[in-house]
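Multiple structures are listed underneath, in structure tokens.
In the two assemblies presented below, subunit A is common to both, partnered first by subunit B and then by subunit C.
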Partner chain A sequence: MRSTTRHMPLPAGSITKSLVSRDLAFVAAGFVALAIVMKMHWAIDFMIFCIFVLSYDLLYGYMGHLSFGHMLYFGAGAYGSAIWLAHVNANPFLAIMAGLFAGALLSSFLGLIALQTHGASFALINMAFNEIGFFLIHSALSDYTYGEDGLSCTAGKLFGFINFYNERHSFIFVLVLLLLVFWLLRTLTVSPFGVLVRSIKEDENRVKFLGYNTMTYKWITFVSASILAALAGGMFTMIQGFVSPITISPFGNVDVIFAVLIGGAGNLYGALIGGVAFMLIKNFLPVLIPELEKLVPFQVPQWEMWLGIVLLVTVFALRKGLVGFVRQKWQHRRQVGVVS
Partner chain B sequence: MLEVKGIDVSYGHARVVHDLNLRLDRGEMVFIVGRNGAGKTTLLKTVAGLLRPVKGTITFQDKEIHGLPAEKLARRGFRFVAQEKKVFSSLTVRSNIELAAHGAGEDLDTALKKATSIYPDLSRFMDKKAGGLSGGQREILLIGRALIGEPKILLIDEPTEGLAVIVIEDIFRILREMKEKVSAVIVEQNLSVVSRLADRIYIMKEGKIIKEFANKAEIADITELERYL
Partner chain C sequence: MIETIAYGCTIGAILYFFSIGLAITFGTMHIINFAHGTVYALGAYLFVTFLSLMGGVFPLALAASIAAMLPVAYVIERFVIRRLYGESMDYAMIATYGVLLIGTELTKMVWGTTPQPINDPVGISLSLVGVYLSLYRIIVVASAIALFFALRAFFNRSVVGRIVVAALEDNEGVRCLGIDVNRYFSIVFVLGSSLAVLGGVLYAPISTVDPYMGFDILLLAFAVVIVGGMGNLNGTFFSALLLGMVMAITGRYWSQAAHAMVFMVMAIVLVKDSLFRTIRRLFGIRTA
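Moving on to the complex of A and B:
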């Protein structure tokens, strides 16, 4: 941005420290409750997926750029960390950093190309990059990644005391990371930078007419979202101790898009609720359906069918996702209350 | 000040503007009039940097500017108010103004004064979401926002389209007060507004300028203008 424009801050949304603290406490309480109700390792998987969904929400929900290739950066983080652990050393901090570096490096370069396009072209060019990444991991770099067989790796203790193979340690660490990501995005999206990014979503040309080089803002957002996706990928490696090409498969993009749509794009709570809802459907329905089939005399449709139905309902009845729907009802109630 | 010389503009293979010439002098208010599909908006978008001419030149203060991106033209003082009356609807009126002020490198107080100077009532809506404004209020906000910084050329596309008569009078008053303070190229269909404000009128048809009116008496004669539409 031009130096002459620096003397005045951009408009920022209203957010107070107490509001952020309240949000963080609310999110933490939600995931602790989830860990109590479900198995703890499921809650950890849910939180890692939610970090990934939050990263996608920044790109799609806030900046309005639908991508079919965000898994590339999740995979870059996962494989970056795994390759470091398997081929360099077992230091988990350096491994996570390696994953973040991989995501940052890839997105910095590919973002410059992808962001030259818009709409469907942007979505598809990212998918093409994702396909190339998948091929490299699956075949071309199989000497390092062990291709289809996947790569096993073991991380040492982080800072000498966080053991990723202890569920409680992992839960607390991933929860802290999730809260950090949530806080970061909460602050970013209402900051002057966030206001500009949201304005780009509304109408990029009009932002240009105001004298802004929108490419810079879009690139920073793209790289930030990719680094957060790589963080989720890196944590996946730390917790699982194993990565396979499925962690970079373009098919995984469908999961994150569904999650954002179900919860409500452009809303951090929506991303979390969508992430949890999607994981519940994906993880529990395959278990519940066979049990249900024992009780009824007909075949119950598989979980993918139910996911499709949820998406149809979301698209036709809940255009702004679950959170948008609840918010709309709440505002309507308040307005009715004011009138009466 | 602004000179468009022999430009052709295409959408793919479809040529929308043919060999078009136009001139805008400092302090002038030039109107472009023509039927739908005549290429008026395409011309304005080309001057604003959204489209690139396939032939011809556009010069501003004797420097070629065709092909420069919109943001660079904005920094040189071009302000484009598009036809759709689109504001940043999720932001408040104040934030819309702040965004423009920051882009133009102007302090907020001055920007707010400029934006509200054309329509003091705008200050009543400062904390309202811009998406909740009426069509007329949006247009006024957009014109007010365009005055922030040091605008040298305003490009305004159909400012009175779809507005109630009473609001059109407000827009007319605002444009009249702006006259001679800024230079403007305005696409407009309302001949009553055009004939009262124009220093020069270009009639466009099928992508070409078919007639230019620079004579005061001719400009004031609406019946004569209508003959070309």
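Moving on to the complex of A and C:
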């Protein structure tokens, strides 16, 4: 599908090493600050969600393929790891690899089918796969997944010293993973491959006319995005020690779509900020609202309503997300400064 | 087995009532309208209130709730859907989802979260070759069939209907004739919304009224719209019945698989073209 708005001018220009390390330092500092301000396990949850949002940003923000079924790969990673831990052995490295393998296998097969379609069909066929996956986990394979009750599992120490049940260890480990994913996507999206992927978003037919086999590029991007989602799922299993069918529920897809759009699609900072903003709305408002209700005499609407309002504002006022908005203001101020 | 078929027809009828509006917005504007779920659930809740106000007269409360939902549907169309016209699909989807969230929360604030059961308004069961069928369900199915023919007449005969069908085929062509397509779309949108209310009200005695009823039917209705051919109004009727039947028959043998089976059908329909193409290529069959 051709997008109506162009998020980033093409081509991107080169990226220097110092620029990347500056970005990484920013991200790291941001999450460490978040961990100091909030409880640390919340910061860990936020970072796992951010990895998931980054993976979705690659598929949707950069390649322009809206999917309602990305939770399937998160769930594949989560259940792949959990089933390995519960039924095979307690080695966390192998368990994460099992999750990644599950996500890769599933997406490389389903991607071949789903990528034959475009636009709304692509979004909805992924939703269909996700529904079927949910059914498999929830009912059909309940001998292994224990269905609705969920599956608890315990991981041993990773490489003999990283203990996932120690908050500091897991915080640092997830932060390193997040930085790794961020660095990977940062370099990937400005590479020639990334430029091609973004060109597919702008106009797939023109890329075809240039002689590229777009199917291959779309497939590689789809599988990479799914593997990164599976990584987020695997980390979720490691940290929580418990998975339930919620991790693969098709209703989770809207969360990640919102996170990307609130932050600004097609921008890695946007994905991180959107992920954090969404998690703040989801985790803090349910705590804040009962407090607020003690102060005011009327009933305060629940967080879902505020989320709904945020979504409407995003669509009608902040079309490019928070990051796009800030960038626009910034450029405007600079231009005004030059003139005066 | 007759019971299962009857159940499938009932579910199909409800799906048809709901999907018509969705198919119209999808076909005309390429908008995946999540707000349709709000209209459906809100209509059913208003019906619960009106039913107790009006002393339990079912048709009167039904008419009142449809009348009350008309302005709501118009507001959604005017201030959300129309502003998204010609935008990319994702923004339309997220904005209408926002409306769905707000609507659901409003329902929860006004009516609470407990599901509200409604009595069968007819209460007569017919005995047919040793199987008991409730008369109410037969009425639901019959009204769906009547609606199918009424809508056919509407879209083939009336001016409004013909303009909309023409615009579904070729939007710009109709606009070149100097017709304000958007006005007709909003008429049809409101029509589709009132049919969704009708569906919600008719489904209430079979199931219960709860705030999340809109979410549950939405995903199934997407499958109906896709299987019916994305905006094909006759196709929507048959695919609703087909998928209702798929749900009922699967549910009879394995109740948890009912939803998954519907999406299996939808996935097959979505990939059938490329599937055939691949098969043809594999076996070297040339198309003319």
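Throughout what follows, the second predicted complex is superposed on the first by the 328 of 340 C-alpha atoms of A that agree within 3 Å, B and C clash if a C-alpha of one lies under 4 Å from a C-alpha of the other, contacts with A are read in each partner's own complex, and residues count from 1 in each chain.
What we mean here is this: contacts are C-beta pairs under 8 Å (C-beta built on N, C-alpha and C of every residue); 3 or more make two chains touch, one makes a residue touch a chain.
Because the structure is predicted, anything quoted here is derived from the model rather than measured.
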item: Which of subunit B and subunit C A:59 touches, first, second, both or neither; value: neither
item: Partner chain(s) touched by A:127 [first = subunit B, second = subunit C, both, neither]; value: second
item: Subunit B versus subunit C as contact partner of A:238, first or second or both or neither; value: neither
item: Subunit B versus subunit C as contact partner of A:214, first or second or both or neither; value: first
item: Subunit B versus subunit C as contact partner of A:250, first or second or both or neither; value: second
item: Superposed model, subunit A: greater residue contact from subunit B or subunit C; value: C
item: Partner chain(s) touched by A:301 [first = subunit B, second = subunit C, both, neither]; value: second
item: Which of subunit B and subunit C A:119 touches, first, second, both or neither; value: second
item: Touched partner set for A:135, first subunit B, second subunit C, both or neither; value: second
item: Interface residues of subunit A shared between complexes with subunit B and subunit C; value: 4-5
item: Residues on subunit A engaged by subunit C in the complex (per definition of touch); value: 1, 3-5, 60, 66, 113, 116-117, 119-121, 123-125, 127-129, 131-132, 134-136, 138-140, 250-251, 254, 257-258, 261, 265, 299, 301-302, 304-305, 307-312, 314-316, 319
item: Residues on subunit A engaged by subunit B in the complex (per definition of touch); value: 2, 4-5, 7-11, 192, 195-196, 198-199, 202-203, 205-214
item: Subunit B - residues contacting subunit A, complex; value: 48, 50, 69-71, 74-75, 79-80, 82, 86, 88-92, 94-95, 98-108, 145, 149
item: Residues of subunit C defined as touching subunit A within the complex; value: 26, 30, 32, 80, 83-84, 86-91, 93-95, 97-102, 104-106, 108-109, 215, 219, 222-223, 226, 230, 254, 256-257, 259-260, 263-264, 266-267, 270-271, 273-274
